[in-house]
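These are the structures in question, set out in turn.
Each of the next two complexes has subunit A plus one more chain, namely subunit B in the first and subunit C in the second.
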Partner chain A sequence: MDPFIKSVLSQAMLGLNNGAFYALLSLGLAVIFGLLNIVNFAHGAFYMLGAFLALIGLTQFGGWIGMPELSIGFWWALLLSPLLVGLFGIVIERTMLKRLAGLDHLYGLLLTFGVALVLQGFFGNFYNMAGTPYPGIPPSLRGVVDLGFMYFPKYRLFALLFSLAVCFVTWYAIERTKLGALLRASTENPKLVEAFGVNVPLLVTLTYGFGCALAGLAGVMAAPIYSVSPLMGSEIIIVVFAVVVIGGMGSILGAIVTGLGLGLIEGVVKVLYPPAASLVVFVIMAIVLMVRPSGLFGRE
Partner chain B sequence: MTRKQWFLLLGLGVVAPFVLYPVFVMKMLCFALFACAFNLLLGYTGLLSFGHAAFFGGAAYVAGYAVKSWGVPPEIGILIGLGVGAILGAAVGALAIRRQGIYFAMVTLALAQIVYFVAVKAPFTGGEDGLQGIPRGRLFGIVDLNDTMNMYYFVLAIFLLAFWSIARIIDSPFGQVLKAIRENEARALSLGYDVDRFKLLAFVLSAALAGLAGATKALVFQFASLTDVHWTTSGEVVLMTLLGGVGTLFGPMVGAFTVVALHSELSALGSWVTVIIGATFIVCVLVFRRGIVGELQALAQRHFWGRREANEAELAQIEQGSKSKP
Partner chain C sequence: MLEPRADEILRVSDLHAFYGESHILHGIDLTVYRGEVVTLLGRNGSGRTTTLKAILGLVDRRTGYVSINGRPVISLPTYQIARIGVGYCPEERGIFASLTVEENLLLPPTLRSDGMSLAEIYEMFPNLWERRKSQGSKLSGGEQQMLAIARILRTGAYLLLLDEITEGLAPVIVQALGEVIRKLKDRGYTIVLVEQNFHFAAPLADRHYVIERGRVLDMIPHHELEKNRERLNALLSV
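Right, the complex of A and B next:
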């Protein structure tokens, strides 16, 4: 195979990998925005929190509770870390965001921005800003897979497929189940749904927790690929915001497709013109704003 | 603004460098100007920009480069900063006003990130080191700005002039239209105002004044760094405005003084400063939405004029401002 095509394809695969994280994060943002009408600036911080919980579980937690041989491995982290992040999100929603009901949506953005700064500063105190590697890839996911045009790390393939599966399940749950129907109805008209006897405030809380848990999940999966750093959340959230502006937050599927697509494009640009790779998402956003201001899947 | 307030401000400005470190006061004035420029947009037009660091830092870089490498005099350098702010503001503003509310904030944040990446990569910015050794030069070829007191009164003059312009803009018919847009965009539109043009003009003015602040800061500290264009600086100017009082004339100034003082007092704490800044954000949003000046005004009105109800209604309107927009 032509080496150029080969390198484009391999970067496209790596880009798709990033795209899967964009998709998971923008999906969570879209779900939260739909029901709470706030843009969760803390989403990046929850992604970081997820990664740090996995790292702490693997390397430090045992020592803290006096059992140095205890080490919480990747699979347990994949389950527990999102749960903890989701719980944390629920606490934030119950204690803070709830009080902002009825105010301008911008206050929600500002409040979650504050939460993001607190989390970032907190971890910045104890961990290296440049990042700490996560050494806990399970043995079954080590090694590489031959894709014909490249040797792709098994773990990355797993992260890609698992993210896609989670995206699909979330889409299915929201678009095709009874609970999802309630959720969509509450998005359209919360008062009416409440009149039917549905506990909408509870639904709102759980939705926020779920969105945050998705971010935490993405963080756990990202930990072995990128190093775990206090800044990883703020780096990704700005890109994800651009993704969300491009895709529009009106549709779940739109968020997933846009996230994957932009990751792919970013990867390909890395081969064609490396310096532009970190800019391309923002440039695409500018073009979309000029051509189709409401976003590709927007409903404005 | 009354004449009394002007004299008070002028008096404080003249005396300040004898009480505090002049460089410290200059830093306060630069950030106060930045926050006042930002407030023109958030407080009086109801637009939350999360990308104002792009104008502040972008202007700091270009003005600094012009003074250092082309040898332009400082007053021209400052004007270049104003122009760079305006041009960047026109570009970002034209795109951002195509979306509303929450999207507007995200668009400005993302576009500002382009400026940040350019500052990291471009050959003339010095990358991670920043642009260093910017000479202050001689003002109009006569006044030596390397003398701290000369520099201080130059900065004070810029600040007062810009502050006066902002006060005039707010009180002008143009400013009234901006406030109408803040209160109810749809109604302003139906009254025949070209809302997008007003919003864009407000954005450009705000960005130009932010650029002025950035260029001045570059001259004072003789360097421009990546921090100036980073999103944390955009966040900080939001905090200054929020803490001091959104939509009040003096609020952003008070907020900027407080945040700058906070930074210098807590500089030994390292990353905990970020935690404290974040916590201040949370407290402001949860219990303190009127900010320092806003709360004081409300308190004064409650006690001296008994106009509490009218004031509460006004606050409620500001808080729910953009909810009434389509």
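Right, the complex of A and C next:
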């Protein structure tokens, strides 16, 4: 194979891998924005929290409770971290965000931004800002897979496929099930859905928890690839917000497709003209905002 | 206060409602008995729509007393009031654009087991059967109105609060809606209609409440309609 094509393809795979994380994160943001009308600035911090919970579970938790031999492995972390992050989100929603319902978007944005800063500051106090590696890739996911044009780390392939599966299940649940119909209806007219006898406040809380859990899940999966750092959330969230703006605020499919697509483009640009790689997303955002202000998948 | 009649479904007394700083209802009093069709008549802005909303707790703040089937509901959240057995059809119809006709129909959760079946509903509204796969946003005004009524019949709600269902619709559709109301009354539903179209409401209703500036001005039973007609016309004229 032509080496140029080979390098484009391999960067495209790595880009797609990043894109899967963008998709998971922007999906959570889209779900939350749809129902709560809140731009969840804490999303990056929940992503970081998910990664730290996995790291702490693996290396520290056992010691804290006096059982140094206890170590919570990757698979358990994949289940427990999102649950804990979701639960934390639920507490934030019930104690703080709920009080802002009906006020201007700006208040929710400011509050969640504050939550993000508090979390970031908290972990920054105890952990290395430059990042701590997560040494817990399970043996079954170590090594590489030969894709023909490149050797791709098995773990990255797993993260890509697993993220895609989670995105698909979420999309299906929202667009094709009874509960999803309730969610979509509540997004359109929450007061009326409540007048039908649906406990909408509970639905709102659970949706926020679910969106945060998705961020936590992305965090756990990112931990072995990027190192775990208090700043990892604020680094990725900027790109994720661009993804959401390009895809269209609140659009589920838009979040998934745009996340993957932009990751891919980022990867390919890395080969074609490396200095532009981190810029290209924002250039696309500017163009989309000029041509289609409501986003590629947003309703006009 | 008199001992309430056993067949009392809705009692509202001294109901005040507020949107922000505006005081909209100034002490509404009304009672509706099982199987009755009752209309709330009045000019635009007199507080009829707000009365329905305040019963369900869809206003910013309310005080006074509301009971449904004997249960005081003033301090309950909206969804719990609905679960007692209230079906609400809002003035703007509230069809969900992102849902199909059938999804719209199946959306409201079943509150009690004795609601109409989907087959019975499609029999009553054959149009909806034909359009069941269509997106809610693609329906005509009449179809939207039929759907807005149809979807609260499946849930087992026995008290229907219907807001301005004839507004902006062609005479044939208004006539069909009258037929629907009659059938629902025969089935034993208790119905509160907010209506602008007096000719539509007059033959259907057992009693009429006249509402003006957030208060009940008068209650006129069906059989006294004729002798009150002139006064009513004066009250309702714009």
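Heads up, the rule we're going with is that the second predicted complex is superposed on the first by the 298 of 300 C-alpha atoms of A that agree within 3 Å, B and C clash if a C-alpha of one lies under 4 Å from a C-alpha of the other, contacts with A are read in each partner's own complex, and residues count from 1 in each chain.
As a working rule, a residue touches a chain if its C-beta (ideal position, glycine included) is under 8 Å from a C-beta of that chain, and two chains touch if they have at least 3 such contacts.
Everything quoted here is computed from the prediction, not taken from an experiment.
After alignment on the shared subunit A, the placement of subunit B and subunit C results in a side-by-side fit free of clashes.
Rounded in steps of 10, the angle subunit B-subunit A-subunit C defined by Cα centres in the superposition reads 90°. Applying the stated contact rule after C-alpha superposition, one finds that A:G197 touches subunit C and leaves subunit B untouched. Comparing subunit B with subunit C, the partner in contact with more residues of subunit A is B.
Of the two partner chains placed around the shared chain by superposition, neither subunit B nor subunit C is touched by A:L147. In the superposition on chain A, A:A185 makes contact with subunit C only, while subunit B stays out of contact range.
Look at A:M67: by the touch rule set out above, it reaches neither subunit B nor subunit C. Of the two partner chains placed by superposition, A:L161 touches none, neither subunit B nor subunit C. In the superposed pair of complexes, A:S234 makes contact with subunit B only, with no contact to subunit C. Following the chain A superposition, subunit B and subunit C show a smallest Cα-Cα distance of 8 angstrom. Subunit B contributes residues 48, 95-96, 98-99, 101-103, 105-107, 109-111, 113-114, 117, 121, 231, 235, 238, 242, 270-282, 284-286, 289, 319-323 to its touches with subunit A in the complex. The residues of subunit C lying in touch with subunit A in their complex are 56, 58, 77-80, 82-83, 86, 88, 90, 94, 96-99, 103, 106-109, 111, 152, 155. By the touch criterion stated above, subunit A contacts subunit B in their complex at residues 33, 38-39, 96, 99-100, 102-107, 109-111, 113-122, 124-125, 230, 234, 238, 241-242, 244-245, 275, 278-279, 281-283, 285-286, 289-290, 293-294.
If you check the complex, the residues on subunit A that touch subunit C are 178, 181-182, 184-185, 187-189, 191-201.
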